Amino acid sequence: MAVVGIDLGSQNTKAVILEGDEILGGASLETGESAETEARMAVQEALRQTGLKREDLKAAVATGPLSVPVTKAVNIAALKQRSAASCIATGAYFRFPQARTVLYVGADSSMAIRLSGDGQVEDSVKNERCAVSSGALLDIVSRMLEIPVAEMGAMSLQATAPQTLSSRCVVFAEGEILSFIHKNPPVPVPDVLAGVNQCIADGLWGMVQRMGVPSELLICGGVARNVGIVKAIEAHLGKPALVPKQPQYVRALGAAVFARQMEREGRASC
Amino acid sequence: MSNDKMLSIDEILAGLKKATEGVKKQPGLMKSIVGYLDVVSTYVERIATAKEEGKWVASHGTQQPLEILEAMDVRGVFNEFWGVVSDIVRLESVPEAMSVSASTGTPGEVCSFFRNMDGLMHAGKWPRSDFFLYATSCCDNVKAFHTLGRRYGIPSFGLERSYFPYTDHAMEHWKNEYKRLIVFLEEQTGKKLDYDRLKEVVARSYRLTELHLEIDKLVSHVPCPLSPECFSGTLVAIRLLPGTQKGIDFLTGLRDELKERIDKGVSAVKDERFRVMWTSFTPFFDPTLMGFMQQKYGAVSVCDMLSHWRGDAKWMLDPDDPLGNLAYRTVLAPGNCQYSSGVDVAANLSDKARRFKVDGAIFNNNFGCKTGAAYGPIIKDELMCEVSVPTLTLNCDVLDHTFVSRAEIESQMDSFFEMLETSKAYKERRNLQ
Amino acid sequence: MNTPLKALDEMIRLTSPFPESVSVKDWKATGRKVIGWFNPYIPEEIIHAAGMLPFEVTGNNEPVEMQGAEAHMHSNCCSKIRTCWQMQLDGKYKFLDGLVSCSMCDQDMRLFEVWAYYKKLPYMDSLYAPRKRDEVAIKLYLADLEDFRSRLSQYLICRIPDEHIANSIQVYNRGRELMHQLYELRKRDRPPVAGAEALEVSKAAARLPRERFNELLEQLLDEIQRSGREIKKAKRLMIIGSDLHNANQMAALETLDAVVVVDEMDIGIRRAWGQVDTQLPPMEALARYYVMGRPVDKHTWNSDGRLEFIGDMAEQYKVDGILSEIVRFCTYDGWDKFDLKKQMEQRGIPILEIDLEYGHPAGAQVKIRAEAFMEMLESRAS
Amino acid sequence: MLTMGIDIGSRSSKCVVLEDGKLLTYGTIETGPNILKTSQAVVDAAVQRRTGLWGEYRMPLPDVKVDHLTIGDMACIVSTGYGRAVVPFAHRSITEISCHCRGAQWFVPGVSSILDVGGQDTKGIRVGANGEVADFAMNDKCAGGTGRFMEIVADVLHVPLSEIGPLSLQSTKTLPFSTTCAAFGRGAAVAMRKEGERKEDILSGLHEAIAKRVLALVKKVGLADKFVITGGIGRNVGLVSKIEERVDGLKVTLPQEPMIVGALGAALFALDTAQKQARAN
């Protein structure tokens, strides 16, 4: 029985189709005007990959940083809304049951979650104001330095003398970076990027610590693809962290797992 | 003209009158809401009419012995309440006042209660005050009273309370401060304090305390009989009109209605799923939030830190020593619990959580409140290990509704209440499975 | 540009690396205790009289990256206490045997609580300092001081006698006297020391055994006399506002054509002003000095005196402009801003307000303001 | 005598050439990652009379050939703005504060208060009796009221910066908007969109919030007639109208070309220096 999980992120909308324990397909497309449309398109794309039809989807769960109803989008009778935290936790636990702390880093917001042994959320904290601890800064820097976000992580690892950003404010951090590249001679790009990643990682580490010192830390969300940030967090952690192959799908996967549960509990039929 | 957005006292009065008419028509509310709004309107009206009635007006902060003011025909304007009532009447007023405050150079990072006052005074919309009264410990913002007093030529008097108020010399000093306050008031008003009248006021104030404690017991009943519209009823009576018959009548009515509701099995919400404690202030910045939480999550607000009485609140030690009683009262009284060490506040709240059978706590981390910002985590950790009550920390501004969007709050509450439901402690508390 | 000051270099050597410095290590090596404090209303004399080293808990010349401090205090706390707490988390303050704070500044008190809750030290104490300046306040404060002395005595298992305190008062008075002399020298048209150097001196006062500090300061003054050292800059500045321990940041400002000749900081001028009355019983004398003996500070409710003091100093030191550096979220400085600006304008002294995070360097944000301010002073002059 | 002013801002760069204090030509481009290239490019833009940013020219320019001009022809060049320190061929660098003050008076004689909303810094300036900077204030340690903040929001709404102004004027209700944090502001905008709020209303809320903040800054130093808004933001009719609502009947004066006020001020300072030198020898 196939089910779908939909994640309405602030930058990308993702859909993951799950059957049993197998992920059949996953799609992600940029968030634009209407949550409804994107949800529909994402599901369609995912269906296309699996060769399934809309009717084959027996249940759906939608989630995201904002609880926006998308019932119209995917006309599946059994559609529920689950909170971001639960879906991240469930998605993480599904593949990495050993994870005890989950750090989710999205475009605008990030979240640290402590899990119980059976994958339940024990505590969670969201990023604070005036603290660079989300992907926001990465986009800005990427546009400023004309470097694709995808390459920023790898590039930062070539840093020889990483710069320290003193400001925790996204805009002022940008200002500081400007003053680096406007120096004469300009600071090498990798050193700037290393500083950016370090700054974000420090902000995130503060959140992780609120959940207590983690035994096993899983990092997910789109920004987890930035190896520079992951490395910087691992430096704090003192050991490798768990990172899924496609970290950006964890929340959608969690939603799918909830959908599967619904479907199994037979709620889908009624 | 942007200044028009800022509320004058007359507009507040009008707004409250309108609200009173509104609730009379609105079905499903507690009867006491009328009395509630009456207490609030009376309070504001007393300030508006003070001058023509030959009374004085004192703008003041927390920890004031309002009974002394009452006995000396001095009517208080509690600066924090003024921000709260502004939000009830018109949400746009406070942000406007605070931008005026910013234009005077006051940083946007000090307490909004005071920035609101700062802005309204600058725009000439603060209630005309004869003098300012303020007190410590903890909150450093009270310095604003002296600062603004200096700026607008309003005499001010500050009461100094030891950080640890229970030592003999601290209590002695605190009581002595009240004596100095009386001297100050007598100089300002040219009237002598009538101690017999003070005793009567104090006696009525103590009656209010007793009623408050009765009401607390009723509210701790499961399911909770108290609806959001009357949530701050006790606080309003105790903090605005202590020692007045009006206050007593209102709380008596509230108590009786709660009894009645319990007997009839009426509760705040049909399906009470969560009992919530506010571990700093309640969400003044969004007056509709509590009602919303009930509807969406079945989460009922049962208690908060602001209306907390320390210990057993038996402060009437010696009926013939009103000052001694009051000195003791103000350190026990609601609204003063937070002026203490985080560990002490956490202990008080843990005890409260037990008594009110709380499932979850919400800590409003007011951007401008340094005290809260620094002891929020201690309270959170204590509640978890003492009574296994988890806390949701909301970063917000105590008065400014624009600071954090409802969508933001909702998404955090979604996560929080889903988490609560699956937590072991919750299941045990509700003996589920 | 200028002859180095040997005594100052020695102070810096002894107080480095910060905080567990050469002198702290030497002190601990002899089995003696170090008591940390972080509020100007804690009388170092009493700790000194107990044979312990009073050490001011602060940040220093480098910004401290927040890496978990926000787990115990939210990021809307003053960045000074977050910095100190982060340093504790980083193990920088493990040499402390005890900690004393004061509720005069709520943030200082909260730092103390967080410390007591998450990392208890053998001796932890706090006292209340009054926000008023009168006889009643002195009485209240004196009572707290006596309690403090008793608790410290219990910790020592030996009563701290009045004579010891009297002796410590002598030592600290001498230190104040010497620091005051240095401030006097900075009144010269060409001051002998830069603001950054003077800041290092007053920081050392709260980090070194006071006797040693006094010796070095005597040397320093002597060196200045003999070397005829002088600093030639176009503009004279005054720094006021929050306690900033970052001398690099001040040095960066002094790379402009200006020198800082005076300040209004608890860690600066207030350490150098006034004397504890040696005729009175020592404890009472201390209470009097700490409540009323120093220039009015921002913590006092009635800060009229503070604003007046700032104006008077600005005039006595013939400053061209005032830099008001305020650590973000500081309530006390926040509420003085408006009247401060107004009163200084009445005196015709331009004032530049800079908001910053504690310990952070003078980045582009600060530089541009300072440079524009200098241009403004320039155009006023011409 | 030719003098040049170059304003390397955090977002855009401008270059102005004066002939004996009269505007000869100017150009504007976006600030690129490499400041040296940018300063060259903006000079080219000026001599080619290109304004990359806000489209068509606003200022009438003398009808003479200028594309042959080089920096070598300049008697003096003054740089200002974020990158002022690294313009290789500048003889002097002066801060934006002084330059905006000077430039504003060229456009609007008798100006007394200036608001400049830059990418990183927002400035309020009070002009003294003799045209000197009498007082100034810049945004405190929060970026809420900066042009960059506005861009970040415009960006998530997929509206080009040049269009947010006109669009916001079509708003029917002003949504509450917080300026306390760029990342949160961005999130809030996305949230409102997802809840089906109209871009117009979101932008109107944004402009309202920013107007409050930036005006507080000017009022701090003293708001009086004539009040001038400089910088690219002067082209944002949405923000300007919100500001006008809040200046108690005062009229907002816009320079013909708000973008180049800083660069023009720099060019005027360059003229002073050049003339001094001329007199010297």
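The chains carry the letters A, B, C and D, assigned in the order they are written, with residues numbered from 1 in each.
One rule holds for everything that comes next: a residue touches a chain if its C-beta (ideal position, glycine included) is under 8 Å from a C-beta of that chain, and two chains touch if they have at least 3 such contacts.
None of these values were measured; they are calculated from a predicted model.
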item	value
Shortest chain-hopping distance from chain C out to chain D	1
Common touching chains of chain D and chain B	A, C
Chain of greatest Cα-centre distance to chain D	B
Pair of chains with maximal C-beta contact number	B-C
Length of the line joining the C-alpha centres of chain A and chain D, rounded to whole Å	37
Gap in Å, rounded to a whole number, between the CA centres of chain C and chain A	45
Intercentroid distance (Cα basis), chain B paired with chain A, Å	40
Where chain A touches two or more other chains at once, by residue number	65-66, 128-130, 172, 175, 178-179, 210
Per-residue overlap in chain B, given as positions that touch at least 2 other chains	104-105, 107, 367, 377, 393, 395, 407
For chain C, residues contacting two or more additional chains	71, 74-76, 328, 353, 355, 357, 364-365
Chain-level touch network, classified as line, ring, star, complete or other	complete
Of chain A, residues touching chain C in the complex	128-131, 164, 166-168, 172, 175-176, 178-179, 202-203, 205-207, 209-210, 236
Chain C residues touching chain A - in the complex, by the definition given at the top	63, 65-71, 74-76, 357, 360-361, 363-365
Of all residues in chain C, those that touch chain B in their complex	71-78, 81, 103, 105-107, 109-111, 113-114, 116-117, 126, 128, 130-132, 136-137, 139-140, 143-144, 147, 299, 301-304, 326, 328-329, 331-332, 334-339, 341, 353, 355
Contacting residues of chain D [partner chain B, same complex]	140, 142, 176-178, 180, 184, 187-188, 191-192, 194-195, 209, 212-213, 215-217, 219-220, 245-246, 248
Residue ranges of chain B in contact with chain A within the complex	367, 377, 384, 390, 393, 395, 407, 410-412, 414-416, 418-419, 422-424
